[in-house]
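Some notes on the structure that comes next.
Each chain carries a letter (A, B, C and D) given by its place in the written order, and its residues are counted from 1.
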Amino acid sequence: MAKERVVDVDLRWGDSDAFAHVNNVVFFRLLEEARARVIPTEGPGSTILSAGLVVAEQQLKYTAPLHYRPEPIQVGMRVDHIGGSSFRLACRVFDSTSGDVFAEGFVSLVAYDFGLGSPRKLSDDERSWLTA
Amino acid sequence: MAKERVVDVDLRWGDSDAFAHVNNVVFFRLLEEARARVIPTEGPGSTILSAGLVVAEQQLKYTAPLHYRPEPIQVGMRVDHIGGSSFRLACRVFDSTSGDVFAEGFVSLVAYDFGLGSPRKLSDDERSWLTA
Amino acid sequence: MAKERVVDVDLRWGDSDAFAHVNNVVFFRLLEEARARVIPTEGPGSTILSAGLVVAEQQLKYTAPLHYRPEPIQVGMRVDHIGGSSFRLACRVFDSTSGDVFAEGFVSLVAYDFGLGSPRKLSDDERSWLTA
Amino acid sequence: MAKERVVDVDLRWGDSDAFAHVNNVVFFRLLEEARARVIPTEGPGSTILSAGLVVAEQQLKYTAPLHYRPEPIQVGMRVDHIGGSSFRLACRVFDSTSGDVFAEGFVSLVAYDFGLGSPRKLSDDERSWLTA
């Protein structure tokens, strides 16, 4: 995932706020959904999600208003940093047809052992998947 | 729309609550999204949405737990009553592959003139679309 | 809870949709929140929530538009039916100062044993709390 | 608002995700709600909200898990930068009793003229309110 992975995510009419724009908070929901559809739950590296992953930090810069439409928007994600127990995804919400970018930023995630209640080291399989 | 129209609607990981089921409230969001994707915004009958439509009443009976999955679920909608300024959609949330039904009920909608602040009569074009 | 219990619930600016009204779906969230603040988690009858409770059916009729405001709205709940493993709450969302009612309906809840994956009988303590 | 303003914001049971923590996305909703309750809508400086305000960028670092509870949490906001048409709020989500901090970060907001579709200069009244 060193190269950008692009995921289609559907908007919902209810994502709009009283300004009739997709609400700024919802963009983080779109990022979450894109992760849920890409981060592996099967095969080598799968423990990265099933063993627990928590959001440590996230940031978005909004660059254009997004309006509801039935066609999905695209979320791009690329691993741009890997630490001992964490990694960072550079993210953008965009329209792959027009090239318009609505928001960009990053999400930092920590591999977490919910049983122990503490971060855990990324395994070799997980690192392989992240750097592939 | 006298015959059932079936719409694919994507779930989101964030639709689940602390019981790890798609939350009961979210089912009404799925119905809303299905309406947004079906009720016409162009052509004869299009005024039904663009001229304003408000939810007057809705009900759901939950028949099976629904868990997040990347594949869409299906929402079925069928007009089962038309009044002077309103109509009712019989609705169900189901899996078209397995046949499992997760919830069923109805939504009553009123054609509304936001300018006047009052219900308005359904036009002939709108009735045609609803009974087609 | 045979007499109406009234709970203050805060609205959020983000509850409004593109029509700048509190969205119809959100009303069910307000009912859920009112239940979370009233249904006991400690003392006799407490198992009603901690042992599991699922929404079996719910319905709302919307009677007036609700706009965001920093002051809480009121949710009224009254047990109007008790079965072997279930009970029903008559509900309304209203403004206790003006007397305006925004929505009314009901929620049917089933005591559920998540371990067994099946409904369970209401205990005497739970019945006492429901009928008090 | 050069000094921290602290606002009580109620959590909702439905804010929790499948991990039974208040979901990371929801924290931005809490910040939004705190702004809605503090940024003036009446008196000198009031145009800052009524004339339009959009979120340009926001960031949060999560420092401890937050669990649903009926008592409100606290959101602290302090203006730490003012530009020609924008300002930045340093934010934190915390418990004023225990001192526990759950998240901290910032939100950058731009005064926006929706009629013209472009940013607008902050007025003297607005600057006075922001620096007070």
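In this text, a contact is a pair of C-beta atoms (placed from the backbone, for glycine too) under 8 Å apart; a residue touches a chain by one contact, two chains touch by 3 or more.
Source: prediction; values computed, not measured.
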Inset, instruction - With residue numbering as the guide, point to the option in C-D, B-C or A-C that repeats A-B in over half of the contact pairs. - result: C-D
Inset, instruction - Could you compare the number of C-beta pairs in contact for A-D with that for B-D and name the larger? - result: A-D
Inset, instruction - Could you tell me the distance, in whole angstrom, between the mean C-alpha positions of chain B and chain D? - result: 34
Inset, instruction - Using mean C-alpha positions as chain centres, tell me how far chain C is from chain D in Å, no decimals. - result: 29
Inset, instruction - Indicate the whole-number Å distance between the mean C-alpha point of chain A and the mean C-alpha point of chain D. - result: 23
Legend entry - Residues within chain B bordering two or more other chains: 13-14, 25, 29, 32, 68
Inset, instruction - Enumerate the contact residues on chain D facing chain B in the complex. - result: 13-14, 16-18, 20, 23, 25, 68
Inset, instruction - Sort out for me which residues of chain A touch chain D in the complex. - result: 19, 24-25, 28-29, 32, 54-62, 105, 114
Inset, instruction - Write out the stretch or stretches of chain B touching chain A in their complex. - result: 9-10, 12-14, 29, 32-33, 36-37, 68, 70
